[in-house]
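Read through the structure below, which is laid out as structure tokens, and then see the notes.
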Amino acid sequence: MTSSLTLTEIAQKLGGEVCGDSGAKFSQVASLQTANAEQIAFLTDSKYLSQLNSTRAGAILLSAAHTDVTSLPRIVVDNPYAYYARVAALFNTESTPAGIASSASLAVDAKVAASASVGEYAVIEAGAVIGEGAIIGNACFIGRDAVIGTGSRLYPHVTVYHHCQVGRDCVVHSGVVIGGDGFGFAEDAGQWIKIPQIGRVMIGDSVEIGANTTIDRGALDDTVIEDGVKLDNQIQIAHNCRIGAHTAIAGCVGIAGSARIGRHCKIGGAAMILGHLEIADNVTISPGSMVTRSLPQAGVYTALLPLQAHEDGIKTAVHIRQLNVLVERVANLEKELKQLKELKSLKEQKT
Amino acid sequence: MTSSLTLTEIAQKLGGEVCGDSGAKFSQVASLQTANAEQIAFLTDSKYLSQLNSTRAGAILLSAAHTDVTSLPRIVVDNPYAYYARVAALFNTESTPAGIASSASLAVDAKVAASASVGEYAVIEAGAVIGEGAIIGNACFIGRDAVIGTGSRLYPHVTVYHHCQVGRDCVVHSGVVIGGDGFGFAEDAGQWIKIPQIGRVMIGDSVEIGANTTIDRGALDDTVIEDGVKLDNQIQIAHNCRIGAHTAIAGCVGIAGSARIGRHCKIGGAAMILGHLEIADNVTISPGSMVTRSLPQAGVYTALLPLQAHEDGIKTAVHIRQLNVLVERVANLEKELKQLKELKSLKEQKT
Amino acid sequence: MTSSLTLTEIAQKLGGEVCGDSGAKFSQVASLQTANAEQIAFLTDSKYLSQLNSTRAGAILLSAAHTDVTSLPRIVVDNPYAYYARVAALFNTESTPAGIASSASLAVDAKVAASASVGEYAVIEAGAVIGEGAIIGNACFIGRDAVIGTGSRLYPHVTVYHHCQVGRDCVVHSGVVIGGDGFGFAEDAGQWIKIPQIGRVMIGDSVEIGANTTIDRGALDDTVIEDGVKLDNQIQIAHNCRIGAHTAIAGCVGIAGSARIGRHCKIGGAAMILGHLEIADNVTISPGSMVTRSLPQAGVYTALLPLQAHEDGIKTAVHIRQLNVLVERVANLEKELKQLKELKSLKEQKT
């Protein structure tokens, strides 16, 4: 199922300059430490140079700066890590045969492209459209009038609610729920009246969504995930958020309703972003940070509580709680010292 | 599928005073900014008054205080936001035809009401009861002796373990797991002995549960979610918790075992509540706050770390870690200043 | 379905010293407060001694230290809580009949042991192996060449991706996703190039995994969960992590890529562990703590922000943000006081 290629054949596909192609065929990538003679390793950072001496890899991907550090067959490229990603894709992409599993349940007017694949027990409801080459995993649910774009892959157990759209070449992992109702209720005499959520989720092209991530449909307008966004596992994106193109969000992040995240942002794991905030392009949020205000400027933002031995951590919490007292004590000291100095200066004037 | 109604017809159903009914029929709601002439918008706050000038909405829902701010056809009501929710429900509730999908798997002694709907690949085990008008989505699993109340809707891929109960008129979104084992283990010589979790999950009426939320069954007694509770996505409720009626909990919240949350509480997103705590009625917890002690008084509670530019955030973390040193330095200053003043006062007495 | 046993029969199976066996048969456990005469309760801590007076339990499990505190029939054991767990297992383990549901989809070369049970709509792909006595719940997905060990139980809606392995006697709850792609992308000219994730997830024996927990497959090498690990609900374990044997992790925890957690650790709920860290054996992390550095020493570690009334919490956040200013003010005070004392001492020298 995987390809077997010489360095020259790889470079013909992906670019780069080959040094010392032995004609050997490769069919897998590996790290410098674990690669064998049939595998290609990669050097992305000078700190791994020492591993070159002991590597058993059959070939190396590296940058021009490192061309001469090894005599192994190699491909010299601008960005060895990205190049490694592309070589790995050459070797590890399997084709899924087109066709609809006999146990899948398709509405009469669902449109499934001829080259698409639909797994066992998948349900595709009325008006839904599945693009060319798309792969709908086992037991996925594609709701009424939903659209899955060309070349997108949904792993088993993905749920796409009615009217939601997934773009081209997306990857959606198991347990993802796209288009559940946003959390919208009107308070009325101590009870909550449900606000029907009639917007959609609109997902662009080349988006990846990790396992068990949830993206809610909009209340009136849509929730939007732009092209190239990468979402890790167990992320919660509330209704009417907009995530800008090529932003990457790590696991366990929560984004509250109507927040707008810019393009090319990086949101660290378990960070939380409150509702209705606006985050500029190129913002990086450190892991675990709570974002409580809009961030109109690019930059790195952090809220960090130090981890300590338990007894110290408890004492620190007490100190934090009493910070107002400490601030007052310092103000008192400043006042008293000032008085003392004034008194002294007065006395000195007198004398 | 949706209704089409005049303002007068709406008011006949939901109350409110109609001003200037043109006889036009409406079939959808929208915001002031996006509504067209066939849609009804709503004004909930004076800060949106300026949007009234440019709105293309065909009618407005507003409060008595705003009756005269527009000449558009309108319904004057006490709580425009709650009224909008009810109008939206009129326009956006679709009926699901009753019946059991041919591919569903029902135990012989499962009881499914005649007006209920059971989707493709759903499994309903022995002794389970599905109430009148309930909708069991595709591939849902309803375990042995579980009960789903009248009018409740389970979206696709919901799991209800054996013996658990969901009340009437509930909404349960995809990926929800009700009744998984609580996290109960006895430590024995460095290993963990599983404690069978033999309680149930008991969910009241009019509860909504967001996508991928999990509620564990009790260890010996039951985990209880009272009437009218609203749970957002990706919430974790551990065994033997009790959530009081009409409490609303935002996404990503975790509630540890045996915690008891009062009625009408509001728990912000990503807040965490430790086990065995008791939270009074009408408590509000700010997003991201860790609740480490019982809260016997109603009120708003907050634990908040400021977000800063990264360098400042790191320095702040260091300052926090060294708070004990700072407190000591202030105490020293106080002591020294006191000595200085005593010395001075002594000298002055002498002179 | 459950057993019915006398105290003597229980002790024959599980050890312990019986006092006053009445010959009565028991078939369930309960707490001291709720037990009836047909149920066995347990006393694990002196603080519950008062409940002994009013209990209606038919028998008690307790330690030698408490032998004489009751005249009820009892079993005296070393670890009453662990013993209770084992008694509860005797009474509450149900057997699932072996066999493959007619609607399950098995690849021709999948190997399912004769004593295994496969539920409705389960999918078992080519080359997968299901061990003796294993239970594959309804609509589970077992990918290509995956292995489920002897005696392991997967509740409905579990996803195990290709090549991943689950050991013996594991319990995996609904919504768990094992082996989704790790979050690996190479940045290239502002876009993210997907790095194929070709490692596996390898799970040891006697591991329990709570509902909707996700464990990602490794990038090149494997993600490893060792024997006896207990994972609660909604935990995210990123690619290439290793979790040491008998470590217990509470709900909502996130562990970033390549972190290595030791054996016998206890990670509190909602704690977060950054990537590439090493945590020693026997480390305890308090709930909600962010672990930002390796912890080479056993011990308890805590990062805790105090919860306060909202107004105080907001003021505290401001004080925290201005800690650098406070530190400077204290340093100024120290300097000025020192100058004052030097001046004084100088003057005194002069006089």
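A, B and C label the chains in the order they appear, each numbered from 1.
Basically, a contact is a pair of C-beta atoms (placed from the backbone, for glycine too) under 8 Å apart; a residue touches a chain by one contact, two chains touch by 3 or more.
Please read all numbers here as calculations on a predicted model, not as lab measurements.
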Interface sides of chain A and chain B: same vs different residues, half threshold: different
Rotational angle, Cα trace of chain B fitted to chain C, multiple of 5°: 120
Where chain A and chain B are represented by their mean Cα positions, the distance between them in whole Å: 25
Residues of chain A engaged with two or more neighbouring chains: 103, 121, 139, 157, 175, 212, 234, 252, 304-306, 308, 312, 316, 320, 323, 326, 330, 333, 337, 340
Touching residues on chain C, where the partner in the complex is chain B: 28-31, 34, 79, 81-82, 84-86, 88-89, 91-93, 101, 103, 119-121, 137-139, 155-157, 171, 173-175, 208, 210-212, 228, 230, 232-234, 246, 248, 250-252, 264, 269-270, 287-288, 304-310, 312-314, 316-318, 320-321, 323-324, 326-327, 330, 333-334, 337, 340-341, 344
Contact set on chain B toward chain C in their complex: 103, 105, 121, 123, 139, 141, 157, 159, 161, 175, 177, 180-181, 183-188, 190-196, 198, 212, 214, 216, 220-221, 234, 236, 238, 252, 254, 256, 272, 274, 284, 286, 289-293, 299-306, 308, 312, 315-316, 319-320, 323, 326, 329-330, 333, 336-337, 340
